[in-house]
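Encoded as structure tokens, here's the structure I'll be asking about.
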Amino acid sequence: GGMEKQIYLPAVLTERLGYFKDEGLDVELINSRAGVEAENELLAGAVQGVVGFYDHTIDLQSKGKYIESIVQFSQAPGEVELVSTKQAANTKSFADLKGKTLGVTGLGSSTDFLTQYLCQRAGLKAGDYTLLPVGAGNTFVAAVKQDQIAAGMTTEPTIGRMLKTGEASILVDMRTPEATEAALGGPYPAASFYVQSSWLAKHRDDATKLANAFVRTLRFIATHSAEEIAEKMPADYYQGDKALYVKGLAEGKAQFTPDGRMPKNGPETVLKVLAAFNKNIQGKPVDLAKTYTTDFVDASR
Amino acid sequence: MPLLTPSRDVQRPAAAGAAAPAIELVNVSRRFVTPEGKAMTALRDFDMVVGQGEFACVVGPTGCGKSTTLNLVTGLARPSAGEVRVMGQPVGGVDPGVGFVFQTDALFPWRSVLDNVAAGPLYRGVPRKEAYEKARDWIARVHLAKFEQHYPHQLSGGMRKRVALAQTFINEPKILLMDEPFSALDVQTRTLMQDELLALWSGTGASVVFVTHDLEEAVALADKVYVLTAGPATVKTVFNVDLPRPRVMSEIRYDQHFVEVCKVIWDALREEVQIGQQRTMDSGH
Amino acid sequence: MPLLTPSRDVQRPAAAGAAAPAIELVNVSRRFVTPEGKAMTALRDFDMVVGQGEFACVVGPTGCGKSTTLNLVTGLARPSAGEVRVMGQPVGGVDPGVGFVFQTDALFPWRSVLDNVAAGPLYRGVPRKEAYEKARDWIARVHLAKFEQHYPHQLSGGMRKRVALAQTFINEPKILLMDEPFSALDVQTRTLMQDELLALWSGTGASVVFVTHDLEEAVALADKVYVLTAGPATVKTVFNVDLPRPRVMSEIRYDQHFVEVCKVIWDALREEVQIGQQRTMDSGH
Amino acid sequence: MTDMTMPSRAVPSSEDIETAARAALARRKRLVVGLRVGILVAVLAGWEISTRLEWIDPFFFASPSGIFSQIAIWITDGTSQGPLWEQVLVTLEETVLGFLIGAVGGVACGILLGRNKLLADVFSIYIKIANSVPRVVLGSIFIIAFGLGMASKVALAVVMVFFVVFANAFQGVREADRAMIANAQILGASPVQITRTVIIPSAMSWILASLHVSFGFALVGAVVGEFLGAKKGIGLLISTAQGAFNANGVFAAMIILAVVALVVEFAITWVENHLVRWKPTPFHEQT
Amino acid sequence: MTDMTMPSRAVPSSEDIETAARAALARRKRLVVGLRVGILVAVLAGWEISTRLEWIDPFFFASPSGIFSQIAIWITDGTSQGPLWEQVLVTLEETVLGFLIGAVGGVACGILLGRNKLLADVFSIYIKIANSVPRVVLGSIFIIAFGLGMASKVALAVVMVFFVVFANAFQGVREADRAMIANAQILGASPVQITRTVIIPSAMSWILASLHVSFGFALVGAVVGEFLGAKKGIGLLISTAQGAFNANGVFAAMIILAVVALVVEFAITWVENHLVRWKPTPFHEQT
């Protein structure tokens, strides 16, 4: 997803706050359309680090590619299952979505696995619902408006926008650690900063500096209000509607970890979700210890 | 010499009406912009009157402006000054009563000979069957029956010219303009075509303007021969040819009258020819 | 009649060498596939020998196969059977010593007259300045000095033909093939061009094959006149014309010998002409 | 319609010539097919070897054997979205629809603007503006406007095709020989008849040239549309494979696309050969 | 080079004719510009009114006034990625590079394959296959192969341009008049000279027609490339605006693209007018 997405906010914020410079780092932020692309770039050596969803580290391990999360930005996916207002009256839980079409950003994406997992937990079987990839942003909005999907999983700012216009309401909120626990049965580490393991072995200094910068940012987020944070962001990110941006930020701020540490049991939850639906992983041993390290955040002041 | 009346043709145009001449050019000029950006005059103060049913031939040095004149009559080009009238009406666009055999190839390369010849009638709304029947008839008249299905690029130069003739004749135009139509044909085919043309002309009473380089051909066919000057073309002289009709082409050349007429025009022209020749040589070397 | 020797030309081709004829066609046939899918024979058992420095004219009914013959000599087309030799060598591709004036327009429309004429020398590696000087000279010789900067579409039909002539002559080819080069020109320009051609020919000792419809032109220019038959072209008769040289075009037509020669060839041809005419008429109607 | 020639001393009969010509044609055909196959094999072998030797990483660039087995799996077991032929059919339907609409629209607009100088002067600037709009952005606008169904993919295919066809049809019309137009006019053709019988035939090679390239573009449009959101189709197959880091799947889907493109290409060539039968063979290609 | 004509009784001098011709030209120009502006104003007014009256939703389809103020903000305050001109420059550089490479490559391959029948028979099938590869997929492959810098965007622009130019150059070469080629051959031209002096000039209108449409395509390629991953450029501007639900931003960026396209378009047209000065005016357009 794009750099302007709130779930990836710490990256841009770090740069805006000048923390990279403080660490003596010259960092260029490059926007990528999709997580998969960003990881391919990482593996191909075009970039040194990627901010993306943690689940990719597991997925890639199953393909023999080793990447490690060194700073964990969030302990919740920041995703919300929105349900169209027209369906809201008789949809109280995932179980009520039987026979409906559900929107995800793309097949094989994190939203896909989360949706399927939530359905499974609600007792639905594979044939009971249909998944439709609708992307994010206004194609998602249009899909809801045109009744292509009854419900769908998405992030800010789409959530805020749909709530504001009253076109949809929240079915499952996974923006806070608590709600995520409730929905998934454990914390779900999502946005994180990861690098290739081989790179890490050779560049521990750089990794330390990067971790320091990010951890500082996470502390900043934890100690400042949504308005103050928004102030620091580029104007283009909230050009459409600033109030909405701030509101979304206020509601979603809790997803960020205060210290960049991997939440306890987080990796296990992710593996559980993935193992249920991702064919790549099924039947393959995964060494979770190789997917993340807290050495660097632990070391940061 | 009763057969021949050299006369400067200065009739003023008659009012439009039943007796209006078929073609009138009044004081026409035509200029082109040269690549150097200067204006070049191709026709200057050009006057021409062709009565209904009249057969006029135009001769003149190459590049003098003969094709330009025909283009003005068709309405494809417009005069820079002066007026062009067809059947008493100023020429606005292309007139459906006009037929034009172009100097250069203008056949449709993607159509067979048959389809090329049938084009005119089909354009004019003649039913398909009838149009093709007529086309076959005309193809036979130009001796290409065996080549009905050939495409133009499969024909020789003279054959293509004959297709163009059939294409024009099939429409039986009231005004027939022909730009060196027979120059690519051998003598016997040319004679046949000339006879065919005269037959068509006497049958339909069309008015013909016929451009040629061959003075004998001009005299053999025409009622009137326009001789143009070199440089910006003006009418040098108009000769009336009153050889008796019907004329038979294969015989007329041995006719004593004919030979005399040609000789007189030649003598009258020799002076001009030499002036023109001298001028091109001066400008040439 | 010592001036004229009708003779069936059946010499067998000489071995390649210094004295080899410039052009030899031995038993050549050329077939085309008609649109109906049948094979059509354009040339059949065609024999022709043009010695070095010889001037040969080819006459024959339209569509008989004259242009096809020239195409075979250039190497643009290949015979279906038989052999074509130029300077004793079998023709493989286009020979740089050959010049060809096409029957149809083949000027480069995006080049001005000057650039068109200079094309040949430039292709052959002549330095720019020299090439353009030569081109200017040739343009003047065809009386187009004022039109150097014009593009072909801004010229009249006859002027374009003259540009084509200059374009070919400037290369001073050893073998010069011309397909009805003068048919679009008026009498005086034609006479000038004929003189120019004869001067060029006698100066360079080139071998010329000249296709024309005009028997008088053929006799006036040629050493040998090939008369072709209609239908699949074969050589009907070859006439040797031994009018004395140098010949002056504006006078030769009034020469008593010349008139006799023409008459003899005409008489000899009349029969064939009538057969051909009859045949086309049969197939035509 | 080709010329038949054969250099030989003996005078051959028509049959001899025809047989020889046929033999030469067959020989040439064998040569061409041989070279094509040769190149294909060389490329595939080079690719496979490079991946085996790890000169290039099959994780990114797949490998022929992997692609092959992926296609085999799709054919035998079907894809996650249903049987393979269904995906092909869906994409093909969108493509062909988009191609037809775009081509017809492009030809129509090209002829209209090519024939009318005022319209051309006024509207060509807007067409140029429209042509600079990124298709991916248009894709999301189309999804909003036409929904996630077939319509948005077709619309995307249309805009991919339209401009190429338009540009060529327009120029083809402008290039029509003016002597031929004048001749038709004098033979009595109305403007509509001129367009139908002179302009369109002379613009035909222009239009056909653009159709060749634009079918590929239509395919691309449809696939990109599916990429942005779809239930079925090869584009979705690609996007799923991409999401799953399945390079073999991505390349396999692209090969399926190529096969589709080639089949349609042959159809277009067939039509073309029937439309341009009147053309002379260039001298240098006469055998 | 046009013909000058004026129907009038009195014999006008050359200057009269030239003045009249100039006046007619100026009148026509005014008419064209008037109509263009009129259409633009009508469209913008209709759009603005529809959004004001909420017939269409400005959330999706923006509004002219919003777009205008967005552009104003970008010009005065710069974008989140730096000043606006920098974005334009980055995109323009990628586009122009890609356009040049693609056009030169397309023309070169077109001429090569157009002149050599065997090469054409063997390779055209592979070109057709390549043309059916969805550009978005290619985009990600290019990023892997060439990295995230300028090279991958340029490569994407190249593949957008190449096929269109190739198809036209190829066909243009095949359409060259065979009589003219034969004439050049006999005048002594080598194959290379024929290509340079006959084939290229006669294929020129084909090539130019494809350049007109393909500059827009190059722009699209560069923007899509930036979409997939970039630090700067108009494509990134669009993708950020899309992610932030800023429809005005999306449309504003597209308008900037259109302006870029038009400027380059005028340059191409200028070149074209200089290259085709030899062309006759069609009869029906002579005034």
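Read from first to last, the chains carry the letters A, B, C, D and E; within each, the first residue is number 1.
Criterion: a residue touches a chain if its C-beta (ideal position, glycine included) is under 8 Å from a C-beta of that chain, and two chains touch if they have at least 3 such contacts.
All figures in this text were calculated on a predicted structure; none of them were measured in a lab.
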Quick check on the contact graph: shortest path length from chain A to chain B, in steps? 2
Would you mind checking which chain's C-alpha centre is most distant from the centre of chain C? A
Higher C-beta contact count, A-E or B-D? A-E
Based only on mean CA positions, could you tell me how far chain C sits from chain E in angstrom? 49
Chain A-chain D separation of Cα centroids, rounded to whole Å: 41
Multi-partner residues in chain E (2 or more other chains touched) are 1, 60, 140, 144, 182, 227, 242, 280, 283
Touching at least two other chains at once: which residues of chain C meet that condition? 32, 35, 76, 104-105, 112, 151, 154
Touching two or more other chains in chain A are residues 40, 44, 137-138, 141-142
Per the touch rule above, chain C residues touching chain E in the complex are 74, 76, 94, 96, 98-100, 102, 104-112, 119-120, 123-124, 151, 153-154, 167-168, 171
Spell out the part of chain B that touches chain C in their complex, as residue ranges. 32, 34-36, 59-64, 66-67, 103-105, 112, 140-146, 149-151, 154-159, 162, 179-180, 183-190, 192, 213-215, 273, 276-277, 280-281, 283-285
Would you pull the chain E residues touching chain C in the complex into a rising list? 1, 177, 179-180, 182-190, 193, 197-198, 201-202, 204, 276, 278-280
Using the touch definition from the top, list the residues of chain E that touch chain D in their complex. 31-32, 35-36, 39, 60-61, 117-118, 121-122, 125-126, 128-129, 131-137, 140-141, 144, 163-164, 166-168, 170-171, 174-176, 178, 181-182, 205-206, 208-210, 212-213, 216-217, 219-220, 223-224, 227, 235, 238, 242, 250, 254, 257-258, 260-262, 265, 280, 282-285
Interfacial residue positions of chain A with respect to chain D in the complex: 34, 36, 39-40, 43-44, 59-60, 63-65, 106-109, 112, 130, 132-135, 137-139, 141-143, 146, 148, 278-280
